[in-house]
Amino acid sequence: MTYPNPLRFNPAYSVVKQYFVHLDDSVPQKIVVHKDSPRGVHFRRAGPRQKVYFNSDEVHACIVTCGGLCPGLNTVIREIVCGLYHMYGVNKILGIDGGYRGFYSKNTIPLTPKVVNDIHKRGGTIIGTSRGGHDTSKIVDSIQDRGINQVYIIGGDGTQKGAAVIYEEVRRRGLKVAVAGIPKTIDNDIPVIDKSFGFDTAVEEAQRAINAAHVEAESTENGVGVVKLMGRYSGFIAMYATLASRDVDLCLIPESPFYLEGEGGLFEFVEKRLKESGHMVIVIAEGAGQELLAESLQSADQKDASGNKLLRDVGLWISHKIKEHFAKNHKMDITLKYIDPTYMIRAIPSNASDNVYCTLLAQSAVHGAMAGYTGFTSGLVNGRQTYIPFNRITEKQNMVVITDRMWARLLSSTNQPSFLGPKDLAEAKKQEEHPTGLLDGENCKEDHQPGHVGTMFNSSALLGCLNCMQ
Amino acid sequence: MTYPNPLRFNPAYSVVKQYFVHLDDSVPQKIVVHKDSPRGVHFRRAGPRQKVYFNSDEVHACIVTCGGLCPGLNTVIREIVCGLYHMYGVNKILGIDGGYRGFYSKNTIPLTPKVVNDIHKRGGTIIGTSRGGHDTSKIVDSIQDRGINQVYIIGGDGTQKGAAVIYEEVRRRGLKVAVAGIPKTIDNDIPVIDKSFGFDTAVEEAQRAINAAHVEAESTENGVGVVKLMGRYSGFIAMYATLASRDVDLCLIPESPFYLEGEGGLFEFVEKRLKESGHMVIVIAEGAGQELLAESLQSADQKDASGNKLLRDVGLWISHKIKEHFAKNHKMDITLKYIDPTYMIRAIPSNASDNVYCTLLAQSAVHGAMAGYTGFTSGLVNGRQTYIPFNRITEKQNMVVITDRMWARLLSSTNQPSFLGPKDLAEAKKQEEHPTGLLDGENCKEDHQPGHVGTMFNSSALLGCLNCMQ
Amino acid sequence: MTYPNPLRFNPAYSVVKQYFVHLDDSVPQKIVVHKDSPRGVHFRRAGPRQKVYFNSDEVHACIVTCGGLCPGLNTVIREIVCGLYHMYGVNKILGIDGGYRGFYSKNTIPLTPKVVNDIHKRGGTIIGTSRGGHDTSKIVDSIQDRGINQVYIIGGDGTQKGAAVIYEEVRRRGLKVAVAGIPKTIDNDIPVIDKSFGFDTAVEEAQRAINAAHVEAESTENGVGVVKLMGRYSGFIAMYATLASRDVDLCLIPESPFYLEGEGGLFEFVEKRLKESGHMVIVIAEGAGQELLAESLQSADQKDASGNKLLRDVGLWISHKIKEHFAKNHKMDITLKYIDPTYMIRAIPSNASDNVYCTLLAQSAVHGAMAGYTGFTSGLVNGRQTYIPFNRITEKQNMVVITDRMWARLLSSTNQPSFLGPKDLAEAKKQEEHPTGLLDGENCKEDHQPGHVGTMFNSSALLGCLNCMQ
Amino acid sequence: MTYPNPLRFNPAYSVVKQYFVHLDDSVPQKIVVHKDSPRGVHFRRAGPRQKVYFNSDEVHACIVTCGGLCPGLNTVIREIVCGLYHMYGVNKILGIDGGYRGFYSKNTIPLTPKVVNDIHKRGGTIIGTSRGGHDTSKIVDSIQDRGINQVYIIGGDGTQKGAAVIYEEVRRRGLKVAVAGIPKTIDNDIPVIDKSFGFDTAVEEAQRAINAAHVEAESTENGVGVVKLMGRYSGFIAMYATLASRDVDLCLIPESPFYLEGEGGLFEFVEKRLKESGHMVIVIAEGAGQELLAESLQSADQKDASGNKLLRDVGLWISHKIKEHFAKNHKMDITLKYIDPTYMIRAIPSNASDNVYCTLLAQSAVHGAMAGYTGFTSGLVNGRQTYIPFNRITEKQNMVVITDRMWARLLSSTNQPSFLGPKDLAEAKKQEEHPTGLLDGENCKEDHQPGHVGTMFNSSALLGCLNCMQ
């Protein structure tokens, strides 16, 4: 790679000059339709616009990464930098060091194509990250004082809520600053989008732990391998890792309640499976069985710096419970091995598929900000890059729908009990009908004044609520 | 994993009994829409149907794999077997040994959940494969003689054409045999579907070769690393591997013509890049530059057993050409290393993401056949599992649209010349407008008689052309 | 691979018929010599003998694996089976299921070349393992009752002690049964031998955990990554993994005492390193700092089934101590991530280097037993395969000599304090002089009667104490 | 890692101050002994000496890498730099760019611990390499002009011969310049030493290609997988990769002649194996069967820049021959897949085991040069680091002894024919007796004057021919 004069636009784009995205191009959120389905919510298609809001040499961009590690962070950083530089000739780009608090308490890191050239081959984030530290007023002060006019914020649910607040404050102060988010969640718990970056890599890497648990379990009599995977509120990693592996006998996720004792309970199933096969593998998402754990511990909720519940280690807890049960009842000598691969999964570089995905997300965000959109995240919806208003992805969480076919596939693959009573099913069914809280044909409830959430700066000419496209 | 009585249905599905797929559920092929877009082609959504056509104990299924290896073949085989067994209680399943010709010239392999339990961790196909060998009449004789009533055919373009012919012959003879295809193409060159299984794994594995080429090139003065990747008619693997890697300076694919000599030619670019960076990496799809190669060789087309053009090794050819050019002109001493990782890519087991994808494809095919559909392939369309009539995926090939944004992203990433003149652009533009040959609002040209392509057996009750859904 | 008639000897060996190992061939234990060094202990060189004690069709062999998992177990099993079969035409080989107790409480598993053909590609042990369960009299009863005359015992320190007792009992009863050990210890804590099988693989796999800890630490302010590695009494894995990685700032092993508080203590070093670099990685062997931990916990020793001290988890303990220290003193906000990759390391298949090594160990054991040696283990000494009497490898443990140059290299690489006072050094120095408890020129203290430890059955003709070779 | 004041010696070594290597410590080359074996050749043990010849601040070191890539080059570079800096406080270290010719035709690259900190995680060599370019007089001029007094030369056979010539010229000119070699040969064809760095990594990586060949072969009828591995004159990689894999049916190496046609020939064996198993895998070293190939091609020898014979691609040749044979005789339809993983193997980073090994080699070289030794390479002999005079490793090549037990193990593992007649055996036997051309008790033929090969500068005090130690 060589780096041409940044002020000379990359000739590549001249090839497709006449193929810019139409302003009206949109992607429906719901695409499984009946003959007479009404049209539902649509999102604006992402991509380069013919009219660019910013002059390249006036752009002063910054990038910040918040929250826990996730494979692909460095690729997103790299591609924002390279996208701004190669596609738009922008060369004033800062990395904010160490998450939100870096805006006001630390020095920034100049980012150039050369600096970021190889970072996609490394895990972690070269600009550092932290939880919490969100002080809206200090952050916007810093943005204003440094003359920053494009802010790229990479982070999860809490971080994107913070981004929405920054966006509101920026608008209140009347600053011409584009605020763009790139949703990051290794748990895949952000709604609307097809999947989050790093998820594929995490599921792939989780196979190692499951394989190891399987080998350990198989090599002893009544061997039980327990693997804890990420997933505070949603069990996607556990579910996909289980489906991909085929060596798992029981997958426990936050969305599917279970109980330990008695008929149809977990202990009974473990005993049954051990008698049938001589060994078993259990995958448990970190947020599964929290009520049981809470009962056990009678402990009050605690919050960590980002506001997530500080979950006690459910993997250690369930391992202890199982060992205790079988020891107490002298029914069986079991050998249980517990594996927690969390940090080994979070810290690896993204795989090829996530690398390409991160590239698209980063470039979409760059195209959006350059075109003058603000208050949005870039996201893949039904296989297409789109712009999604902040509120759409922060108001709910994406969760495994346990009455849906993917979970049924898992049940069929593991042959595990569903642990569900009729009440659970009714509740789960309700959830399925509106998986992301969006109704068919739902009307946009936004206020379509210029400068509103998801609009463009010079909205008189270019218009548009990103949400309903009116 | 233990295997329960096959005749007792898996209880997992009772959970979702009331959530079977609606018969009218469909997925549009084109989802980027304008406000007033007409409705275009839709495909039937895949999934379990409330009414099942076959009795489990009457089912006699067979599976055949044809053509070259592709990561995920064994996973598809495993999941058809396990899907039939665990979801529908079917336990008469045969593997046809060694591709189409195995129907009439070899013994079959009994497939049970136990036999296939671990095969997804291995590359290749446990039932063997071959090219060609398609003798319709002998194959349908064998199906009839053995009393087979579900045929699962895994293979590429040519194989699916063969499946369509088998389907026609089955229908002509009035047999109650469901013929289901699962499209296999490591090149991702099958139209309509989002991507083919094994593609992700192939792109991932290609990174190794590109990394090696990069290291070799970087370690010598004027080092050139050349990597040949799969892609006879479409350059998807080369394009995605290049995008994922970021170490590639030039990516050559069949869809984008190029020339060697003169201004703006390949040699000029190589020389320029070597002068700038001291080294470079070239990725070339096996089908790139065929006209140039043909000119060079003045050779007539040759066909291999499956009917593909026997392509001369373009990687060796381009390596030779580049070395010859720089030797002849004494301009530069270059060191060129050529890597052909083809068989190392084809033969690896599928990664986690492809494992899950293969599961969905296999289960969709099983649900379709059990419900009485025939003459279809299962495929992912806009992120949803659907049933696609054979003709839709065999009439065209999926190709990289070089005026589209993904190719523009690549050009921007490599900073390579587009090698395109105005005529090339005009032609490419035409292609983009109808990338898979399907027009918006295109009318179904099928004949809607019962028993027609893509209909169900007992169509009086359940009806329906899979294509236009009338 | 195909399997010829077992009674027809493999023609391969006829090639080297005239190159059998000389009976007197020996390998010195100590090879760094001065001009006038006396000759020290030598071990008999392993390899095929011209005179074979057993008739192939009379051999009834069994294999047992005991203790924790270690990469390579399956390769050793495979190569004993294939070695007996292909080299000597032996085809009565049993796997004892689940460790020592399998001799009397479980069924055996028939082992053939076909059964073991692919097992070296899998982690774990296909014949199962367990701790403890050693009941000498029941085991020898079972050997006698089943007519077994070759016993291959794969296991660690405790297991080899058990093997020695079995050997004594076999001899007491006057049975013609060869008892051969293959030392297994992922910790590399068995003396005399160059290294144990699986060690290389373990060090390689440990790199993943260290990399992850490094990425986690680097990505936050004052990030501390802690990795616990195997090593109850000896820190070889921790030391080699640290040397191989170069990302480690502090390596703690059982052999090198350390202290937490005060000047020159661990807390001070952590603080200093964080101030210098902003992050750090600590590798700790599971047996390090046991006295400190014991003080902390004031807990009595507990024993597990194999007799090892039940060590409390030192990784959790040190992580807790460091967090507590920095929280208490408000000096620094640190972020500490703890990774325990133990089971993921133990359960992987052996790498190529260990595969070859396991082959040599297994074949050496087979040659020894066939030649009529008994009461020995096979082991690599100074790069040569040898036979070592049981007592030599069970009387002491191999430990890192902290005054030796390998540990000095580590100190130089991590730049960590040595934590050593003059008393520690004096003690350590003593240890170095006789690292495995064997003095130069030490005389053999064995009784050289026929049938003694390490002799051959028909010792009148072939003679020889394996130890001193008199 | 932080970098302390280079002039302050690393405190680590103070710990072992009193444990420096004795000047008389030596390691015998031949350690398998009989009771009355004479003492043979011994090499000086490597390690830090109490008396250091150079003052740290006077040292001006340079490093050069020559020849083809090999895993571990960057680790060796890193450890020479870090060893000089951390252990001896040396901070003037240059990288010579692009091999020998870089001394006089290119700029140098300043090397500091910071520059080399992460390079061991990358394949290749950061200072570039090339073949040939050895102009003794220009090189020594450059050494003299730049004031360099320590030269570290990393390369193979040809390179070490070049180093010997540089050493002679340096001595002729009376320069106080230490010339130290580190032998590099991925083929493991350098004599005396136990194995070369990168070899383990290469054997490991070769498994991928063999696995792929096996999968391809297994998946078709009469499938033949052919893998070409490195090994111009010696077949170690092919032999070890075959032993580690167990999926290989035929391994062909330069040391073991074979023939194609007729009884007992290769074609017959291929046919037999295909009939038995339906598929087979052939591993061929690049230098195997050169005479047959030469006959085929009737081509004269050609030389490449380093003087190696330019070998025609034996893998393509044998693949062609086998296909031609079976096509011509219509005996069998075979499907042959040829894989050449050479550059993918050479270019990967070294594994953990090689990383540690490279560290020892580099540190040994540094200790030797600092102590005033010159004209030597560092090398592992019988598991101990030693100093070996140049001539000992350049006068012969290490080759697989086909009458030795390792090759017998391979024959036993693959069950392949030995292709050997009585004449071949006699010749091979001769070779075995003196595998590296060194006789037991051989007298040193060197001239023991001060300044001679393998002596120290101030030899009056410190004495010693590295060879015979007189």
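We just call them A, B, C and D in the order they show up, numbering each chain from 1.
Just so we're on the same page, a contact is a pair of C-beta atoms (placed from the backbone, for glycine too) under 8 Å apart; a residue touches a chain by one contact, two chains touch by 3 or more.
The chain lineup, named per UniProt: A, B, C, D = ATP-dependent 6-phosphofructokinase.
This is a predicted model, so every value here is computed, not measured.
The greater number of contacting C-beta pairs, out of the two interfaces A-C and A-B, is seen for A-B.
Of all the chains, the one whose CA centre sits at the greatest distance from that of chain C is B. The mean-CA centres of chain A and chain B are about 29 angstrom from one another, to the nearest whole unit. If you average the Cα atoms of chain A and of chain C, the two centres end up 44 Å apart.
The residues of chain B never reach two or more other chains; the list is empty. Pairs of chains meeting the touch criterion: A-B, A-C, B-D, C-D.
By the touch rule above, chain A contacts chain B in their complex via residues 1-2, 4, 10-13, 15-16, 19, 22, 24-28, 31-35, 42, 45, 47-48, 78, 82, 86-87, 117, 120, 194, 200, 203-204, 206-207, 240-241, 243-247, 249, 273, 276-277, 351-353, 355-356, 359-360, 363, 382-384, 403-405, 408-409, 411-413, 415, 418, 420, 425, 429, 432, 469. Against chain D, in their complex, chain B makes its touches with residues 69, 98, 122-125, 128-130, 208-209, 211-213, 215-216, 218-221, 225, 335, 337-341, 343-344, 346-348.
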